[in-house]
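What follows is chain A paired twice: with chain B in the first complex and chain C in the second.
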Partner chain A sequence: MSTRKLRKRRVDRGIHVRTRGLYALSSYREMAYLLAPRLFLLVGLLGLPPALDLYGQRVLCAAAVFAMPALAFDFLAEYVGLVCLGGALFIGFGGYAAGFLNARLGLSPVLTIPLGTLAGACLSTLVILPCLRLRGVYFAMVTFMIPLFARHVIVALGLLGSTEGITGLDTLPDPLIEIYVILAAVLASLFALRRLVNEDLGLILRGIKENDQAVAASGISILRYRVLAVFIASCIGCFAGAYLAHLYGWLGLSLFAMDFSILPIAAAVMGGTGTLAGPVVGAFLLTSLSEALRGFGQLRVVLYCLVLLAFILYKPEGLLKVLERKYQQFERREEV
Partner chain B sequence: MESVLVYGTINSIIFALNAIGFSLVYGVSRVPNFAHGSIYVLAGFVAWSLVNDLGLPYPLAVAIALAFSAVIGWGIHRLVLRRLRGLPTSEIIASFAVGLIILEGLRLQGIGGFKGFIGPNYVLKPFVDGKIEVLGVFVDSQRLLVVGVGLVLAPVLWAFTHHTRLGLSLRAVAQDEQAAMMLGVHSDRSALIAMVLGSALAGLAAVLVLPLGNVTCEVGYQVLIYALAVCIVGGLGNWAGTVLASFLLGFAMKVSTHWFGAVWESVVLVGTIILVLLVKPSGLLGKQKELEERV
Partner chain C sequence: MAAGVLLEARGVTKFFGGVRAVRDLDFSLGQGEVLGVIGPNGAGKTTLVNILTGFVRPDRGRVVFRGKDITGLPPHKIANRGLARTFQGMRPYPGLPTYKNLVVPLNSPRVRKTAAGRFGDLDSVALDLLEEVGFERDSSVPYKTADSLPLGYQKRLELARCIALRPEVILCDEVFSGLSMAEISSMLPLLEKLLSRGIALILVEHRLRELFRITRRVLVMRFGEKIAEGPPREVLGRPEVTAAFIGRGSPP
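After this line comes the complex of A and B, so read on.
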């Protein structure tokens, strides 16, 4: 009995090889090949809002809000080696900081969103600081606890409206402005992070992830760079929180809800960890999916977790890396 | 004053019971079982359903609930964790996801006539009724039972991990997997055993402690947080550290409740954890090896 065995062989597309070096500039076709995926994301996101109705725009806003902590999670987990299970802490601190500035000090959203982002990021970094010397599992465990404890502390001390929260925050003037603010923020942080991880700073951070002893031996303070990385990630997450408080004109304990911790992680795993663009794509897909299944209510979190498990078990590389491979290589079957 | 002493001790032992299963699983397989709290709550709900829906006698229901939690632990290892061995980040995320699926899934309503475990109706009966006076403070018998089981369980588990063949092989895998495998210890199987044992311990803690209050899904998060807190303060997989941390946190909570009021409980708990992390990042009884992997 003879069995014909086939195996899959992947070969780089010619155009992919040609566009690796300076030859990318040799023709418009090559340049278009390089630009197409980036432009697709840019034009797709920026061109979508006017085509949608108000409900669709709201969903897009929510998706963009989730994309920010997803980016922060991916950056921290894949480039710094800190797995942060409590993404809600960024949303919560950012939202509360912006809400406090707006409701108690009466500043306008133009000021409260950036100031709230900075204040929230400082606060988050300060809270994470004691556990920054911990590694891997321990860091994950402490960050998982922070948002849950934050709720207890807010209720216990009766801070900022305690269990009821604060209503009647100023909202942004126009739905289109609302949506473009967050979309611009998502795209800006995405491209900024992609640049950052290839700079010297990114190299040090990745070094810390791979082998922190070696980095320390080179005379570089691990703690200082970890603080910096956490601050960068906090800024991204806290912006989403500050924006969210003004989007709904309301802040409360649900800013620390489990949704904000689990959806970004699910989005990052679904889109492909380590790609930075993957979490953004994942957040948009996952939010639309959960919107389509809105009737299930509480099932949302379960749904995110199921998607997360399915991807982590059966497609751990994530959607974006699969697409990237299809874009760069072709496959054929050949006999062994 | 006496009440702080008595209830502080009881509280500490409850802490230790919650943390012991989590600590065991991590100590052996290096997997932080974030589904710990869900297994705990699940065991409580299974016991409740068996008693109230099927009318089974109480001891039988408890036994089935324990077996059930062990089976859940087996399932989690078999279906999820085993496929992710050696990928720490994925292990953390996956066990977290499994825990959330169980906890949030318990709240689902309306699928197959399932009512969802929401609200204050779910109360497990105590094993033993009545009150006994200890040091001039009245303590109900269920709490004494918890203390008794805790006092028996801790030395038994210590003896199991230090003086039986199986326990020693489990620790061997934890310390050096390669060397243990060379000596014929099946590392996957010991991870499975640890997971089953840890889940059964979570179930045991559930049926013992849950009769003291309501069974709700929030309890799952609470238990997980407390278990994590104990392990971080004490040092994971370290028996003496776990016990010491349980007593530190248990007493810190009761003392703050007694003198400042119940709302300060969680604030003091956070404060204690942060203080320990700042002063000694390796945990109270962290050793050199643990220091290496933590800091």
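After this line comes the complex of A and C, so read on.
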């Protein structure tokens, strides 16, 4: 038996090909194949909160908050070609905009969250606008620095509570409402983005990523479309910020914390970049992992990093791409 | 401006550092005309195309299109005025089906202004365009990913991308290079078809024999300067042109 050599062979189930376009409607089996992963995510996320205790719900909230900038990062990096490390920028601007509207103008969270999202997104887009001339790693570095810069501006000018922040913002009335607001936002952003990247707008953005000169030669203003993409991503990120300010009833400099820039990227890498669903799954896994390791005290960060490292070493393509492949292909061993 | 002149360059000059890419170049192109641009490697042909289409800003000189100065306009604005170009190195958008590659030009303001661009079904418009440049409509070719196409089809796709804009001029940067004789002989009728529709062409080429089958006027460049202009046979007879191609002579 030892002389037999086995080789792993992958056989495509053909789901992907057959379910593209209208063919999916041809059989219930195929529709089930298509729907199963989506339903799993939808039912899983929406059904989970009532089953959890308050602590679990809070963890889920935090995870969902991280999922938003992770989505924004994945969209910009993989579909527009802008590696934007400014997750903290979105969270900070969104949070401060919503907090300002609530604390200073006395608007209720029903208004401040959407308005704060829009205001924060406009502000973020304006700040990122001059950086759009930069390319690749330089754009990434500058967007990473902007949140740090914003912190210093807030302290130096004594804006909005300066180093203290503002406490006593209105919170949402009920923990379940709190959690469903952010979960609905995550799911809506995810499905909207997945739709968007296959629409004309998304195709143009992908074109800009692949070959910006050909896009310009086709009569399309690259800058305009890049700004639009940044605005869309900012809206997603800023919503999380505006929500976070109302979740804690507090805004402060830690909304610009680097965690919000780095963790979403870790989540995107772990979940699989370019899949959009991957970063969301990654954010939920990473946050749960971080909480599960709380018992280890000081060792927590070490273990957390080891898990991340293991992912990068053994599944560098990301969890969702692996799962997708397993879902679409049989694997069997056969003799050479 | 003479009547019927579509595109004109006046004293166009571009330096890259100390290297003179294009110097004091004048030429004009009439409506529906075809002009060949030839010259040895490094003569500044591609830089000229880049200047005309706004990808490179000239240090001196003007580019006039339909009587309006377009010098220094960004590339997308120039494309929207009806000046399309192909690229020497084609990079279609990988992973996208071939016909989806045309979504980009079909969403440009120039096309959106027209009724067909605004209300038409872009996918079928794209398939029509591909059929025009020689893709078999009922085959699977237009649905394959663009980066998997053979070079000849990629060049055609590049032309389709230009035609999608309904341009008045197409600047083709080495549209024959890398093609087999069979592919070239099917490309020539396509170019003639464009000409018959009133689209003017500027063909930047190395393949002289094929170029001379379609053009009646060529412009010869060397070291960024125009050294000759006129009908192909006459121009090639000139000693300075022969010298430029065979390699005698140094930069003045």
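What we mean here is this: the second predicted complex is superposed on the first by the 296 of 336 C-alpha atoms of A that agree within 3 Å, B and C clash if a C-alpha of one lies under 4 Å from a C-alpha of the other, contacts with A are read in each partner's own complex, and residues count from 1 in each chain.
Methods note: a contact is a pair of C-beta atoms (placed from the backbone, for glycine too) under 8 Å apart; a residue touches a chain by one contact, two chains touch by 3 or more.
In this text the structure is predicted, and so the values were computed from the model without any measurement.
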item: Partner chain in contact with A:48 - chain B first, chain C second, else both or neither; value: neither
item: Touching partner for A:141 - first (chain B), second (chain C), both, neither; value: first
item: Partner chain(s) touched by A:207 [first = chain B, second = chain C, both, neither]; value: second
item: Chain B versus chain C, judged by how many residues of chain A each one touches; value: B
item: Contacts of A:217 with chain B and chain C, given as first, second, both or neither; value: second
item: Chain B versus chain C as contact partner of A:309, first or second or both or neither; value: first
item: First (chain B), second (chain C), both or neither touched by A:257; value: neither
item: Touching partner for A:157 - first (chain B), second (chain C), both, neither; value: first
item: In the complex, chain A residues that touch chain B; value: 77, 83, 85, 130-131, 133-138, 140-142, 144-145, 148-149, 152-153, 155-157, 258, 262, 265-266, 269, 298-299, 301-302, 305-306, 308-309, 312-313, 316
item: Chain A - residues contacting chain C, complex; value: 200, 203-204, 206-207, 210-211, 213-222
item: Residue numbers on chain B that touch chain A, as the complex places them; value: 26, 30, 32, 34, 80, 83-84, 87-90, 92-94, 96-98, 100-101, 104-105, 107-109, 221, 225, 228-229, 231-232, 236, 263-267, 269-270, 273-274, 277-278, 281, 293-295
item: Chain A contact footprint on chain C (complex, rising order); value: 53, 55, 74-76, 79-80, 84-85, 87, 91-96, 100-101, 103-105, 107-111, 122, 161-162, 164-165
